[in-house]
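Let me give you the structure first, and then I'll get to my questions.
Chain naming follows the written order as A, B and C, and within any one chain the residues start at number 1.
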Amino acid sequence: MDYFFVILIEILYSIASLVLIGAGLAIIFGMMKVINLAHGEFMMLGGYVTITSVNYGINIFLSILIIAPATVGLIGLVVERLVIRNLYSRLVDTMLATWGLSLFFIGVVTMIFGNTTTGISTPIPGFSIGTYQVGGYNIFIIMISAFLLISAYFILKKTRAGLIARGSMQSAEIASALGYSPDRVYMMTFFCGSALTGLAGAVLAPLVGLVPSSGGAYIAKAFITVIAGGPSLVVGLVSSASLFGIVNQLFTFLYSPVVGEVALLVAAVILLRLLPRGITGSFFKDRL
Amino acid sequence: MAESILETFGLTMKFGGVIAAHNINFKLKARELRCLIGPNGAGKSTFFKCITGQQTPTEGEVYLRGMDTSRWMPHQIASLGVGIKTQTPSVMNGLSVSENIWLSARRFHDGPEAKRKTREIIERLALGAIAKDQLGKLSHGERQLIELGLVIVGDPWLVLLDEPAAGLSGEDIERMTTIINEINKTAAIIIIEHDMQFIRSIAKIVTVFHQGAVLLEDRVDKVMSDPTVRNIYLGKRN
Amino acid sequence: MAGSFSRDVIATIGLTVVVIWILPYVISTFTITVLIVYGLLGLSLGLVWGYGGILCFGQAVFFGIGAYTYAISAINIGESTLPMLLSIIVPSLFAALLGAMMFYGRLTDVYLGVITLVVTLIFYRFINSTAGPHYKIGNAQLGGFNGIPGFQTLNIPGQPSSYIWGDGYFYFCAVVLAIVYLGVSILLRSDFGRIIVGIRENETRMSLLGYDVRARKTILFAIGGGIAGLSGALFANWGEIVTPSVFSLGQSAEIILWCIVGGLGTRFGPILGAAGLSYLKFLLGQQSFVDNTLITGLILVFFVLFLPKGIVPTIVNVWDLKFGRLLSDRFQKPRRNRKLRLNG
């Protein structure tokens, strides 16, 4: 029974971290049809901002929940104005340019922090279920993800901003018909998406040793979670994160973490081959 | 009694919750010329895409010369001898006129024969002066004509034309009419059109689509004077 | 495709001679060799992407498979001829399988990008985790992140102890590049090549004309994979070790960068881009003031924003505008107004 709970928490944690990793990318891709290949580096930046501000003596939760998202959001804003804005509706070019940006950020961080591993310890102690030890911080991550999903759902469904967002997802013309310039909507979207990405990077930072090239580990997972999710933002993210999270944990339990990773990637390739429009392109249509 | 070369039975196409085409039963004889009319969104282009294999119908079958082609790929259907001119000219914009036509000719003929065929079509459509020009730099009318050229290189027995007269001047429409009559000597043709005058000048039988279904099918003068058709078609358009 | 094939042959031979005779006075042959190998790798993506319109984010996979195939089979066989052939065949077959899976599934650009990227990562992760002694193929230890050292390097066919190395290896690579370049030229002039370009221009129209687009894209992808594999084997011979970094995303990014900077839709552009940027990287590697990756990234962003066509096409355009226009204006009569007409 205890073992069952431990596995359940591990699986939930695996799903939650995929949701976190994918959320920012999903918003930017869903609304702007822009694939931000610098997504992983935005997460990496979120992590570095957190570690730096903690080292300056700022409270860790303040750093994670406020400072990191705000900083990365602002970086995203600058990137959108300088680069992305010139490339709308040129999907491949935005992928290439953001790939360039990702290399640029890796370079910048390497120059500032050096090519060494940094990290901070988790602020929440673990606890035990029966004879098993469980990380308390994992529970925190599960809660953050759940909170994000629920609030995203309500914002999209109930608020005026959500209405505009849903309109822009259909087409840019709907946003302008509602009286908002697509330019502004895109700017805000990129800001929100980047901030969320920064938050994800910050939340996960205490769990990993951070190096300038850490982003590469995230981008593929984020990428496949979002693409495999398909057109619906919330349902798509949850369903693909669940699928991949379960596959990942299952193979990790059975074999090793590396096999788990590889199984996740292979599952993604198979899924995309079978359902080229993603899970919500074939099931759960017309949901948020 | 000539055999039907194209038949559809209960053809239905759904996109998510939207029904784009509903239970369409359609028949076309060899070398017949048929016009499809109907307001935008009536399902005419969807109907075309189901015939060419660009879309697989949700329900129902398409029979071409007696073969069930409902689940075939576009290139297989094209290889049977079915050509389509799409609504906006779909051509190889980065290549020259003769390269475009060669690509079409090469599909059905070997090396030297493809070259000969290319020259023949360029001559037949009087494209000699622009044969070396890049297609993307030509006018809309010229691209319409060249796309038609691509379609007829393969000597198809069924030609689908989606708004061939759209965006052409009066003089060019006349020429388009001549070309269509020329093609019709060897092939059956289905034309989607909005231009009533053009339809009158070219068609004998007209099929009216409305809300994804066939509303009416009759001689052109009867259709034109039908009150329901006048109502929905002329009323809804513009 | 302007110009005749014989002109291509003369230009290729001329350029090869220049590279072999003159370049060694400027750059060491050891460095030029790797520039040539990268040039070959750039050409492989230049063919697949520039002419076939297939954007592969994981060209490094085939490069890596080629390198590892060579290393593993060279250790097991102890002679280099068959391993060289295998390092073309194996990646080419893998590319054919992967390509068939993607193209027959009617996947579009984005999904193609995702899948090739993910496949790259799978290989990178997997090879990195093979450090244990039980990861063995025949006599070859995969070695994880340490890679595989100490395999039989290139020898004269049938004589395992007569190695081709140093300047000899440099000449060999230059000739291989020239031969592959001519092969690509022949391919692009063939009917297959012209059909491939038609598919790049308008896939829907080509399938509506009756061409099986999927099969042709798969074949092209396999050819590109084979060329990348060959360059991988040459790279392995040059470095005398293969490590998992051949599969890295950074490697894939660089290949794409070479093509963009050199120019898509040209054969020479990607080679020039590869050699030029790799040399730049080599020079930058000798200083520690600015980070290398940072500059690579900036170049990529700059080219996408301001010079999306790349260097070679831009130079050709300027040349045409300055000289071509003058000539054609002088010798061609202005065209008469054209009308649609049907003869006969």
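The criterion applied here is as follows: a contact is a pair of C-beta atoms (placed from the backbone, for glycine too) under 8 Å apart; a residue touches a chain by one contact, two chains touch by 3 or more.
All values reported here derive from a predicted model rather than from experimental measurement.
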item: Central chain (distance from its CA mean to the mean of all protein CA atoms); value: C
item: Most distant chain from chain A by Cα centroid; value: B
item: Between chain B and chain A, distance of the C-alpha-averaged centres to the nearest whole Å; value: 47
item: Between chain A and chain C, centroid-to-centroid distance (C-alpha), Å; value: 33
item: Chain B-chain C separation of Cα centroids, rounded to whole Å; value: 41
item: List of chain A residues in touch with chain C within their complex; value: 35, 83, 86-87, 91-93, 95-97, 99-108, 110-111, 216, 220, 223-224, 227, 258, 261-262, 265-266, 268-269, 272-273, 276
item: Sites on chain C touched by chain B in the complex; value: 191, 194-195, 197-198, 200-202, 204-213, 335-336, 338-344
item: Residue ranges of chain C touching chain A (in the complex, touch as defined); value: 55, 101-102, 105-111, 113-115, 117-119, 121-122, 125-126, 129, 249-250, 253, 256-257, 260, 290-302, 304-305, 308
item: Chain C-touching residues of chain B, taken from the complex the two chains share; value: 52, 54, 73-75, 78-79, 83-84, 86, 90-95, 99-100, 102-104, 106-108, 111, 123-126, 129-130, 141-142, 145, 150, 154, 168, 171-172, 175-176, 178-179, 182
